[in-house]
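Two complexes come next, and they have one chain in common, chain A, joined by chain B in the first and chain C in the second.
On to the complex of A and B.
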């Protein structure tokens, strides 16, 4: 008598059993269930972000009639255009100055709100977030009326003090100032709320220790608050830089890139060239030009954060 | 149970009878026997104007047994342009799309030729103007049927009282309702003197110098009045010419008499200027007058739409037509052509023009004297000369006669108004011309 009869299916059954157990174990793992739960979102991002990104790369390599592959021909063409370099310069001025002012105002206002008694803070936070929660296409329309060339409410008010009229959107410098101002107004609350959260997480003992050491107001900010907020400042700046570089609605509504193209940024010029001028490959190339600029910024900022993370 | 067996003869007879019955029976069409048809029409500014189009389409659909779907797509925020670009990329979407000015040319390779319906329509309604041919034809192929809906002339809309009082010009006498214009003296020189007088009186002409369509259209007509072209019909650069220099000099003089902020004006600014009673003239289709009729009737009563001033090379007025085009990927091209033919019958066109309060302009020469323009007011006859009934001005579009794909770039990059502004702000003439030449060179890429 043999103990074990030959069973040809036994190995396969054992394997499938092992597989079932393996699958069960995999499903039991937290990382696996987390992955499965985020899968719909990953697929959505793939469809709505990755596919258009690849498609725009493809478009950027075609000629104007979209019948021929031209490689980097569109970029070579752009590099020879005076207006393109004006747009690059303006996009940098717009994004950097807007982010700096947003960060500065956000930091100051966050301190004010932090020092408001706790029971009144919610009210202030809510009010200060209003610019950020209104869709910018709507709020910019209100700004457009305030800056209106002929009926500006600002100019009307300033006229009582003998000032103006100021060509808010008619003069290159003022138009740049106006679009940056609206962007700062819209984006500063985001910085404020992020910085407020960061301020609340700074341990009170550090300030107490600093006070015992005789640190003044400025020294407390410089040696305690800022180092503790460094990572959140970096992440917020990076995020805001990306969003501000890619801005479209504020400039489009307020100045449409004028006067004399002096407020065009990448997105508005890409729209002008690609959609209004029916040169979609060139429009795609203009918008893709943002990628290397933002990638360099992202690498530097994220590297700094990782370095600090490792140090700590 | 008995069961009768079918003989071979009976089977053959029955088959023959049923075949004959089927062949001779009348053809009964189902509710939507001729399939489906979808169309993307421009969403009209004038309230109620869309309903005339809807009624006409439904009337045709009921007769032809076609299931129709109309989407009215606004041009606010250029939504129609974005939709055209998306449908052209996807090669899918509506069967018919109402395209503005340059878009049939921009999508020429993707459009069904409509010569077979255009030829009978021209025989029926009269010839179309040169701008319609320039924008609607490529290599002898009609890219769309000119749509009366949305097509417009952006001519002067003057204040009768202010022009009479300050410029000593009686616009009603110059362009009398019901009879030909007596406008021989209405030249760019007279226009400039009138602009100066009205400016001095505190009612400057409201002519924009921004980067949007209204500003570009006026500049285009003035440049053409001097015979100035940046690129000629063959695609040669013609920026550095005396005609262009004269145009820039003229604009420099004119700008001194316009409101100081015109470089920031958009397409709404001139309308507001007129409705607010701040100026003696704007260049616009009658939409501004229509708004004034509702919001400022005392202003509307003093408005008179008329022809452009003539320059050394003739009298040109900006004309912006729309086209109904059929995508080559449409699955029901025959039905689409049948509908476009129906919408272009004189009765259909008149119905749409009336619904738009005279705003819409048919492209055909026999249809520029409809009653609506004679009767509408106040003041009665204010739109009589709007459709150019005596053909005393050439209807044109800015940047023509450059090859349309180059002209589209000149138009949307607002090269003409930018040149005027640069020169006005103190840049040297030759530097401005060199800049414009560089821009136009870039627009010629293929």
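On to the complex of A and C.
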């Protein structure tokens, strides 16, 4: 009887003991402790990324007054507007051409820096990174002055050669060129530094082997450098494509989307219709349109990276 | 195929002279090994032959033509690197055929050459794999295959076995020798491993401080070293050196090691060293296999002495014994049955018929 009388307590003690052991075992599992360690970051992402993303999805389904659910109404409205398709076209032209030129210039400059003697390399690297470390809002203001219709230093210089004046931000074609030029100027150092790191990781002996195999300069680039840098090129391109597609400050400061919306890209136009036009749901719909475009690009670019893995 | 000649070749890096005017003639079909410690200039010499380093002074000739200013691709050479230098994004076949493809060889010929080289190196099954899917030994074979398919005038090997484990190194050493026997291409091989040098080479070039110390066949270097450096570098365990001087005792020439230990030189050696000054500071050079356990009825020139062993190293077929003579550690090789034990005395004998006398100051073998 005595034993029986004490049984409930014993059971409770045994249960709490089992719970402790269970918790200890759970913590001992690698996946569990890894999850717990990343939990703060997961929470941060949830608050700063997932919530706004879902909220913007929600916004995109509301009417202008944000009082009524309209489903895909905002998107239907957008698809019927010519300006929207102009923005899609401009965003693609802006992002793709800027990324291509940034990659090309970054690659050439990285080669140049790579071949500079080691003791002078730091200086060059530092100087070439300057455009990337200056806040773009500030540097774009300087570019704005360089392009200014009345005081343009470019036009002043070109006038000595009998060229100009060029309407850098006043003509649709030149305005597009100008925003791309500034974006390339700002972004090329990022490519340069990434490619420089990739170049340094290519073993010198591969070039020596190629030189003995009979490869000339171009063949060494084509058969050794580029294949060895493929993954870095892909990741850098994808990253830059995302950032360039979502660019706001350069276009906003330089042209504010003008002339006549001819330099608007997704972010600036979303700002125009959402904030300046007081139609936040429509602005959210415009900015959401970037997601499928970037997702397709990401799938294509990342597909080969996982396939190739680390060949070296 | 071709001969290779180096004439007073110098390589300077700013103020530092890495290679100090070396002369070397390598005959057609010959397998020459450049050996020496790190920083002796052997790899730099090889890279100058390859054209990967400029020559500061002198001439390099391949097949009689001066190639000082000829780029690597036009020297008709093939090189095997220490870390293989295989293109990681290409398959084995692509790696091997890369040079031929660049030279626009017909596809059929490329295929037949690659197939033949793969068969010779026993890598036919690996032909479609990428380098990361291969072991160290297999990668080394592919690197050799890449050199073979080119059918060059000269093969250059830059420490090709350094990244392999000891067992594989022995195996690959034999493979390299077999390949050379088949293709008979003039070969220059760089290594810091004297065993590799001895086993592979027709002739060994021992380098030190950017200079050639001695050139000779493996046996010449082992038995007739010209300098203390060569004597100590070639052979494992290394040759023993004990300070000594010569003295005349009763019309005979003795070599005195300590106050209590002196050996009478055998007649041939005595005649050779007779003219040397009795006051010179000398070194007795004797290889470990010529210090063995004392046996009754030993031949002439084999002198017994007593030693207290510091350390013994049983190797199975023999036991290495270490003891101290006049402050110098001496290594001997005795039979496993000789009863050698750490800290115990042992009656040993030295075979003076194979001794060397060196000038302690200049290091020259006398």
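Throughout what follows, the second predicted complex is superposed on the first by the 267 of 312 C-alpha atoms of A that agree within 3 Å, B and C clash if a C-alpha of one lies under 4 Å from a C-alpha of the other, contacts with A are read in each partner's own complex, and residues count from 1 in each chain.
To be clear about the criterion, a residue touches a chain if its C-beta (ideal position, glycine included) is under 8 Å from a C-beta of that chain, and two chains touch if they have at least 3 such contacts.
Model, not experiment: these values are computed from the prediction.
Participant: Given the alignment on chain A, is it a clash or a fit between chain B and chain C?
Facilitator: fit
Participant: Taking the superposition as given, does A:227 touch the first partner, chain B, the second, chain C, both, or neither?
Facilitator: In the superposition, A:227 contacts chain C only.
Participant: For chain A, which side has the bigger count of touched residues, chain B or chain C?
Facilitator: Looking at chain B versus chain C, the one contacting more residues of chain A is B.
Participant: After lining up the shared chain so the two structures overlap, which partner does A:260 touch, if you call chain B first and chain C second: first, second, both or neither?
Facilitator: A:260: touches chain B, not chain C.
Participant: Going by the contact rule set out at the top, does A:209 touch chain B (first), chain C (second), both, or neither?
Facilitator: second
Participant: With both complexes superposed on chain A, which partner does A:219 reach: first (chain B), second (chain C), both or neither?
Facilitator: A:219 contacts chain C only, not chain B.
Participant: Just to confirm the geometry: in the superposition, how small does the C-alpha gap between chain B and chain C get, in angstrom?
Facilitator: The answer for the closest chain B-chain C C-alpha pair is 50 Å.
Participant: Can you list the residues of chain A that meet both chain B and chain C?
Facilitator: none
Participant: Tell me, which parts of chain A touch chain B in their complex?
Facilitator: Contacts found on chain A: 63-65, 77, 80-83, 149-151, 165, 167-171, 175, 255-261, 272, 274-280, 282.
Participant: How about chain A: which of its residues touch chain C in the complex?
Facilitator: 203, 205-206, 208-216, 219, 223-224, 227-228, 230, 308, 310-312
Participant: Hey, which residues of chain C end up touching chain A in the complex?
Facilitator: 50-52, 71-73, 77-79, 81-83, 85-89, 98-99, 102-103, 130-132, 146, 150
Participant: Help me check something: in the complex, which residues belonging to chain B touch chain A?
Facilitator: Residues in contact with chain A: 78, 81-82, 85, 89, 102-103, 106-107, 109, 210-212, 259-266, 269, 272-273, 276, 278, 405, 408-409, 412-414, 418, 421-422, 435, 438-439, 442, 445-446.
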